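Note that chain A is present in both complexes that follow, paired respectively with chain B and with chain C.
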Partner chain A sequence: MKAKRNTQRFWLAAFIFVLFSFGVMADVPVPDIPEAVKGEQCVEETGFMRRNHMELLLHQRDDTLRKGIRTQKHSLKNCFTCHVVKGADNQPVTVKDSRHFCRECHDYAAVQVDCFQCHTSVPGGAKTTGTRP
Partner chain B sequence: MTLSVVYAILFYAATLLLVVGVVRKIIIYARTPAPLKIPVTPAPTTKAGVVWRMTKEVTVFQSLFKANKWTWLFGWMFHVALAFVLFRHLRYFQEPVWAIVALIQPIGQYAGFAMLAGLTGLWARRFLVDRVRYITSLSDHLMLALLVAIGLSGLAIKYLAHTDIVALKTWVLGLMYFDLQPLPSDIFVLLHLGLVIILMVIFPISKLLHVPGLFFMPTRNQVDNPREVRHTAGWTAK
Partner chain C sequence: MSNTQDHIQDDNQIDSYRRKLLGGGAALAGAAALGSGVFFTSIARAKPDAEPASSEIRWGFLIDTNKCADNCDKCVTACNDEFNLTGFGRPETDAQWIRTVTLRDKKTGHTTKLPLMCQHCAHPPCVDVCPTGASFKRPDGIVLVDKHTCIGCRYCMIACPYKARSFVHETIENQKEYGPRGKGTVESCTLCVHRVDKGEIPACAEACPEKAILFGNMNDANSDIARRMASTVSTEIRGDLRLDLGVRYQGI
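Up next, the complex of A and B:
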């Protein structure tokens, strides 16, 4: 008899727990992906870019660095012709700013990139620590 | 959107089964008396000693190490890698992501491979060691197959066919906020999540219960003080 009452209590507790968990209902946090400043369409289709942009950039890097083929379409520099976020001073923010185009999603997904240890993260090539943009 | 709803319902159901199931088992384990004083000697004579013994048991699998080096090697490799992998997956459940979780990401990637290597070793053992092969049942193979499939499908998302990781995280957070979001319907994602749902459901009714069960081993969690303190439990208490 005692065991049965305990079982009932257990299920009641489980039920109350589920009820309470509904109390945390709120809007889900999403990254605030900045609009591109120009153009309707990225260099590839959006769904493809969201999944595979890193492959394009790494492929481009290999082609450029190892084979000397330097094209514009998939270059990192080309990203920033459209994907720039302006700061309060109306200047493009660098990757140090959490509003930077790359950082919005990369922070969200906790994915670190090492592009900007050498490359510039703003159009036109602002001064960074690397020798060449 | 249909898929998002189906997977969301399955995940809620699986989570409920996992939590309720494991808590129920823990209650059963905790209530089951250990009538005899049977710590495997040499055993600690103080409570602190038992805590230290259990810590070693949980973190480095001490008695398995003493028993069998090969099983220990693959088993420990699998479990440590799994710990890293699970910790890495925390990123889908929190926003902002903890710095330590962000830091662990690259290690977690390699851990995925280490996990599979460990599982492969453990599976090979079930074929290659006669005595183990003799006691191996179908469920042992299926459990290993399930874990390997989860590992492979996870690595496939990372290395074969990427998914929209941001959308995926939004979907997972949506589950936690009860604010359903669209799930990216890439095949490996659906496969990975589906297999994890199966794992969550069978966890409370399978050998995977060694996770909480480990802490209830009378041969490891008892203090070696039969003369100082009279041990009574279950029928020895009557």
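Up next, the complex of A and C:
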């Protein structure tokens, strides 16, 4: 008798959980991760990159700046070579645009990216040359 | 303790470097005879990407102020273009990585014009005072700011005898891929480290129409810069501070 009641409770809980899950999915749009331009395998396995890209970037930045090691594999520059999103004008969108590759997930996870306070967020950087008044 | 030892070792290296310069006349003459041609647009060897900067190398400038034309600021323009150093109409605080300075001898009235940038000291005061370790010297003598750790306190700007550093007061949006710049951090001449690592010469040296700015490895006795330093007199600005500068001047 007790076992039967437990089973009933389980199915009720499962039903509520499923309902709730659908509700969440309906309310918050999951990140629509843009395809990489080259469409090939990333520099590391995708799951690994999702969990560890920040570690790779942190390691690379110190190696590059402090020691002068300029390998491209884990560089921020290399991210944008493939993960570039183009706007209506066929120009790469900057991080100001919510379609930017980094923002798709970072907006969803509410994790602020500080990289672009200094770094350019498009391949090749700014095209304009400096003018001084 | 280890710090003291490092310093002693450093000083010994510098001493041996000076001995080489001053005493190795015969050796240098031999090297000059064997030497390769004169390179102005490239340095002998590009560093392989995976290789760290080497302490065997000491990058530097030898600037011949006699060649510096009165109305020319091509080195300054080239630097501004290279890093998109745009002004905000406030000359006192706008970024300035290189500027031209005119010296006037009060007695004779003779004026000398020279480009002044970060002098890439071997004993940089900016590195000594930096509270976070953001200001640092690469093994090959290039003094840089690690903007990841810079808190924008500007002690380095006060410590620098050459006023070589600038503070970024505004949000910057037009950075070059190789030249990150951001509000709240200090910046200065990087000796175009992004070019140097590729085997190219800095933008100012490339832009100078008179070839007044000679770039090279001061530690390599066969390099043009070392040979010219050995054959003609050159001085450091404020040499009395004994900072062992990476930028030397002729004609001042």
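Please note the rule applied: the second predicted complex is superposed on the first by the 97 of 133 C-alpha atoms of A that agree within 3 Å, B and C clash if a C-alpha of one lies under 4 Å from a C-alpha of the other, contacts with A are read in each partner's own complex, and residues count from 1 in each chain.
Operating definition for what follows: contacts are C-beta pairs under 8 Å (C-beta built on N, C-alpha and C of every residue); 3 or more make two chains touch, one makes a residue touch a chain.
None of these values were measured; they are calculated from a predicted model.
K.L.:
Report for A:R51: first if it touches chain B alone, second if chain C alone, otherwise both or neither.
P.N.:
Once the two structures are laid over each other on A, A:R51 reaches chain B alone.
K.L.:
Once the shared chain is lined up, is A:R61 touching chain B (first), chain C (second), both, or neither of them?
P.N.:
second
K.L.:
Given the touch rule stated above, what does A:H119 touch, chain B (first), chain C (second), both, or neither?
P.N.:
In the superposition, A:H119 contacts chain C only.
K.L.:
I'd like to know which partner A:V111 touches here: chain B for first, chain C for second, both or neither.
P.N.:
Touch partner of A:V111: chain B, not chain C.
K.L.:
After lining up the shared chain so the two structures overlap, which partner does A:R70 touch, if you call chain B first and chain C second: first, second, both or neither?
P.N.:
second
K.L.:
Which chain A residues come up in both lists, the one for chain B and the one for chain C?
P.N.:
none
K.L.:
Provide the residue numbers of chain B that touch chain A in the complex, in ascending order.
P.N.:
16, 20, 24, 27, 91, 95-97, 101-102, 105-106, 161-167, 169-170, 173-174, 176-179, 181, 186
K.L.:
Spell out the part of chain A that touches chain B in their complex, as residue ranges.
P.N.:
The contact residues of chain A facing chain B are 10, 14, 18, 22, 24-31, 47, 50-52, 54-55, 105, 107-112.
K.L.:
In the complex, go through chain A and note every residue touching chain C.
P.N.:
61-63, 65-72, 77, 117-120, 123-126, 128-133
K.L.:
Which part of chain C faces chain A closely enough to touch in the complex?
P.N.:
Residues of chain C touching chain A: 47, 49-53, 80-81, 83-87, 89, 94, 136, 138-140, 144, 146-148, 172-183, 185, 193, 197.
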